[in-house]
Structures are given as structure tokens and as C-alpha cells.
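I have a structure here, written as C-alpha cells, and I will follow up with some questions on it.
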Amino acid sequence: MDQFINVTQQLFKGFGENCFIFAITLLLALPLGLIVSMGSMTKFKPLKWLTKTFVWIIRGTPLMLQLFVVFYIPPLVSNGSFSFPRMQAALIAFVINYAAYFSEIYRGGIESIPRGQYEAGQVLGMKKTQIFFKVVLMQVIKRITAPIGNEIITLVKDTSLASVIAIPEILMNAKDFSMEGLIWPLFYSALFFLAFCGILTLLFSFIEKKLDYYKG
Amino acid sequence: MKKLLAAFLTVAMAAVSLAGCGTEASDWDYIKNKGELVIGITYFEPMNYKGDDGELTGFETEFAQSVCEELGVKATFQKIDWDSKEVELNAKTIDCIWNGLTINDERKENMGISTPYMENKQVMVTKAENADKYTSAEAVKGATVVAEKKSAGEDVAKGNEFFKEANYVSVDSQAKALLEVKSGTADIAIIDYVMSIGTIANGTDYADLKVVEGQDFAKEQYGIAVRKSDTETLSKINEAIQAVADDGKLEEIADKYNLTDLLLVKAK
Amino acid sequence: MSLLKVENIKKSFGKTQVLKDISFSLEKGEVLAIIGSSGSGKTTLLRCLNFLEYPQHGKITVNQSVLLDCARKSKISDAEIRKNRLHFGLVFQSFNLFPQYKVIENITLAPKLLAKEQIKNSGDFCGVKNYKEALELINANAEKLLQKVGLSEKKDSYPCNLSGGQQQRVAIARALALNPDVLCFDEPTSALDPELTGEVLNVIRGLKSSDSTMIVVTHEIEFARDVADKIIFMADGVIAEEGTPEQVIGNPQNPRTKAFLSRFNQYSK
């Protein structure tokens, strides 16, 4: 029983790190993704090209490698005189990675809005920003709720990858127990993820229902 | 995958360090000025692990603390991913690896290695009921043997005549190797003796596993690794190890963890 | 003096010239119907008037103020374009209502934004000095417009719960809310089931009696004859024939107009 409590405590402590990465990543990557998506839709060719390349690189390489690059490359290049703290490095990698994925979801959502919606706003004398925020955005949000929800649930599990730069997250703690001869904490840790993803699933079906007051 | 990445980064680092040589404070001054020696560890009993009180403890932990005391710097323990240990070292995110690191030629080539302070060997772990069975090459014929990839255990499983007729499977950690045996997907795990002391003791999930008596392989030695260029730090550490041995502290710590027999550094 | 004067509009998309020198004028309170086969440039002409497209050549004047003159090389600013657009309203073939807003909100959204902006900039919106009063004005006007199109009881519905005809009537009310000088209709009944076209056409008829100036691009020849003061028949980017309904529909001179109308008569008989 003592052992169970100890394991639970340790796993909770680890899961706290996962939740922290999760929260900060969402908080920063959701708006950053919007900026990136603007870049990939701009008519200014060099910026568009640059953004597309960025998204290609980020989506085209493993998040694990990105974690390595953010954490190890600065100290290797500066011979140890500059490095991000581990958690900061993890957050930078996660935010950039998820912003790239979110930006593509936003882009898909924004481009799926019929041109007539923009034109209706234009002939009513609305400004570009007004059309975006007052007319298009809500419709985009409704359309991207499902794919964003999907991505967010993937993020919950991806936070475990932070262990490659030795963030003591839940899976790493669970593995440590197996080094001490306890196997079950590894499987027990699954419950934490399942519970968290379960809550998120409920939350998203609630949001989708909320947004269901209109069709189109 | 992770090892591949680590290798890639090490190469990148080498290229960069060639370009970036300059006059700097000596390697020991770098550590002394920081006031701390950052020690890269992973958790495994009985070397470095969280005790019942949640504090880091273990043979290596206490040993390192004593040595750092001798050196006049603070011992800061940083948990790392074992696959990335060389990169961590070269990126200066840690200053040494002190975690039952087996000395071999490849590591001597790439890192500065201290005086060997402890002996280790590879042993076979099986289910308790089979412990008397696997005592000859004949007996392990056809059995499934697991070991950690790129470990001393793997060298034994692949190279030793004893296992010539056995089927070898590699896994990514020693703990996984034990899990394979426990779950019956493998018959024999070849792991560090030191590791087996902590992990298959009574009260753990592996209490039904047992070390096969009288069959030792690949005796090896443990050392502390520092950056190849940190020669001054290395000699300081070596001196401090001897000093800790001389005043009896090292033996005292080893006693506490039942490791006295394996100790290589004796008081002068 | 004409309310609207369009002179020598030319518009090409790439190498295809869609409008080849279009000129016409419209008096206040007049209804102009533009007919012609698809691809003749009718819709593009309307889009040019609403500044959704920019002609390469030509001049547009409303109430003696020049909104567009391609001869002047200076670029028009976004703010100026927005101001110009307010002289025109446009009702789309596919309604383009904002699905997330209630009917009443669809109508009040643009006026509210405009009121906020004008009060901030000049302290005045239609003679009202603060936003709260402006809001009352806008809401009252919206209710009045809904009554005009016969949808008062639907003001809190969402567009998805309305029939096509009802949606188009809301779109008309929305366009009227900004009180444009000229209201344009781009085939307002083409996306509707036949039994729903009547209600929309009746609303447009009603607007004629309240003295609105309108341009209607339509395939409803009977409706055009009935409502329009003036009809333009377009073919291949030019005005092939122009005149009163009696002239253009009753007694067409141009062989292309004749061919077009005879095709229609075939169907309607």
C-alpha cells in the first residue's frame, strides 16, 4: 500500500511536468499557429515561401530530433557558454512543432470558407480585419474544432517525448521504477493519459455541441 | 533511433569544436568557478536511486558526494537519457557521467576515464525454477537470450561460446531484458551483476527471478567519464577518489550497499 | 442629372476581354434590368460597380462624384474603396448570409461596425452622437426592413433554418440596411427552387414602389418586362440592345436579342 502511494505520488509529480508542457504549448502554439498560417497564405511571395519551408521542415522532421536540436545545438555551438534550461528547450520545441501543425489546420479551415462570405462583407463596407474577425473566424473555429481536438489529444501523449532531454515526466518516472524492479507503474501510468484524454474528449464534444447552434 | 541522433549530434559537435578552439580558462577552472560538478546519472538501484524518503541515494550518489566534498565543489545530480550521455557531456550540460559506466576501449577513445573503482560482471538471470538448469552450453541450446543493445551483456550473448547455440534478441534496456524473462518471452537475461543486486531482490516484481550461480562472464570495471579535454579535472577526481578511499569512507559506503567485494580502490 | 453614370468600362481577365466598352446611365428611382446569356459579362459588370473587380478602363460616377476613373493613375486606398462600396448594395445569387449570426444580426452587423467607426472618427452617425443611440436606430431600422421583406417573425432564426427564398429576402434586407444609392441584384432567383422565386421577386417589386434605384441581372424575362424601366441586353461583353421593356423585349431590333428571347419563349410556353 505504501508502495502504491509512493508510486502514485511519483507518477503524479511526473505527470505535472506533462501537464505543464501541455498547457504552455497550447497557450503559445494556438496563437502562433495563426500567425504562421497568415504567413503561408500571404500574397507576399518571399514570406509565403519562407513560411512554407518552415512548416515543411518542422512537419518533416521528428519532434524527438527537434528536441535534440533545441537543447543540444546551442551549447555545442557555443562550447557550453549558452544553453536553454531543459524545460525551456522542451517548450520551445513543442511550441514550434505544434504551431506548424496548427497553422496547417487553420489554413485549411480559413481556405474552406467560401469566397462569397468575404465578398458579402466587402460589399457591406467592412474592413479586411472586420471581415476576418466578425465573419470568418467563428466559421473557421467551428470547422477546425475536430482536427484541433485531434491534435491536442496527440499533444497529451507527445509530451512524453520530453524525456529524451531528461525532463522527468511521467513515463520516465515509471521507467525508473522498472529499473528498481517494479513493472506495474509503467502500465499504471497509462491511466493518467487515459483519464486526461478522456476529459479532453468530453470537453471537445461539449464545445462541438455548443457550436452546433448553426449549420454551414 | 535515439542512438543514431546522439551519434549525429556528436559528429556535429566535433565539427563545431574544431572550428571553435580558443584560449579559455582551464577545464578545472570552469568547474571550480561554477562551484558545482554536474553529474549525469540515470536511476538504478543500488547505484543512484530515489530512497523511500524520495531523496536521491545509492552507492554512486554517496561516493560522488564524498569526492565532490574533497574537491570543494557542490555535487549536482542531473538525470539524463543514457543514450545521450556523450552529447550531454560535450554540450557541457553535464560535467561527468558517474553511473556504473563500464570502461571499454571505445569510451577511452572518446572520453576521459577515471581510475577503475569497481568491478562488475555479467550474469544470467532466469526464472527461479530454471536457475539450476542453465549451467552448461548444452543446457542453453535453443533458449532465448536477451540483453540490452550495445551493452556488455550483448557482447557476451553474441560472442561467448557458451551461448553459441542460443537465440539472441536485443532489447533497449536491462529492465526490458528482465521484463522479457519475467513475462516468459525470453528464457535468460544477461545483465550487470550490480544491476541484479537491486532489481531482483525480495519485494520487487522480479523476486521470482534468480541469478544463475557460478556462471560469470565478461568481468569489467566501472569508471567515471569526463570530457576528453578535461585532463586537469580528471586528475583532480582521481586524487579525490584515492583520498576518499584512504580515509575509509569509500569502504564504508560500499558496505552499506553490499558492494565491498567489488571495490577496486583500496586505502593505501 | 443621372444618379449613376457608367462610362467606357473595359475589363479583361488575362487575355479574355469580358467587358468591351460598357456605358449606360440610370436616373434616381429607375430600375434597370440586365439580361443576356451566361458569359455575356453581366455579373462582371455588377462586380465592377461594387468594386469586387477593377476594370482596366472606364469611369463610374454616382451623384456627380467620381468613384472610379481609370484614367487617373493614382491608386485608390482601401478606405476609399470601402467608402465607394457604400454607394452600392449587392444581393448575391447564393445569398452569402453569415451562418453564425441570427437573421437580425446579419442585418445589423455592418451598420453597427460602421456606426462605431464613424462615431469614433467624426462623432456622428446618421445624425446620432453616441453609439448607444446609434444602436437603437440600427435595430429599429432592421426591424422595419424585416417587416418590408415579410420576415419579422424570423428575426431570431439562423439562416440554416430558413428556406432559400427567405434567406434571399434576408440578404435583401441586409443590403438595404446601409441605405445604398443603387441596389444591385446578381441573378437573385437563380439558386432558388421555382416555387420560391415569386416571394423574392415580389419583394423586389415592392422596393420599386418605394422608389429604390436598382440594377437587376436576371433570367426572369417576364419579371424584367414587368418591373424594369429600362432593359439592357448584353452579349459578348457589349451592350447589344438597350431601351424600354417594350422596345427590347416587345420589339427587339438586334438579331442576337431576338434569338435569345425566342429561346426563352420556347421554354416558357
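Chains here go by letter, A, B and C, matching the order in which they are written, and residues are numbered from 1 within each.
Definition applied: contacts are C-beta pairs under 8 Å (C-beta built on N, C-alpha and C of every residue); 3 or more make two chains touch, one makes a residue touch a chain.
Since this is a predicted model, take the numbers as computed values, not measurements.
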Starting at chain B, fewest touch steps before arriving at chain C: 2
Chain whose Cα centroid lies at the greatest distance from that of chain A: C
Central chain (by mean CA position): A
Which two chains share the largest set of C-beta contact pairs: A-B
Where chain B and chain C are represented by their mean Cα positions, the distance between them in whole Å: 81
Chain A-chain C separation of Cα centroids, rounded to whole Å: 45
Intercentroid distance (Cα basis), chain B paired with chain A, Å: 36
Of all residues in chain C, those that touch chain A in their complex: 50-52, 78, 82-83, 85-86, 88-90, 92, 94, 96-100, 109-110, 113-114, 158-160, 174-175, 178
Contacting residues of chain B [partner chain A, same complex]: 1-2, 5, 9, 12-13, 16-17, 20, 24, 30, 42-45, 49-50, 52, 54, 78-81, 84, 87-88, 90-93, 173-176, 178-179, 182, 198-201, 204-207
Chain C-touching residues of chain A, taken from the complex the two chains share: 114, 116-117, 119-128, 130, 134-135, 138-139, 142, 213-216
In the complex, chain A residues that touch chain B: 6, 9-10, 62, 64-65, 68, 71-73, 75-77, 79-80, 83, 86, 163-166, 168, 172, 175-176, 178-184
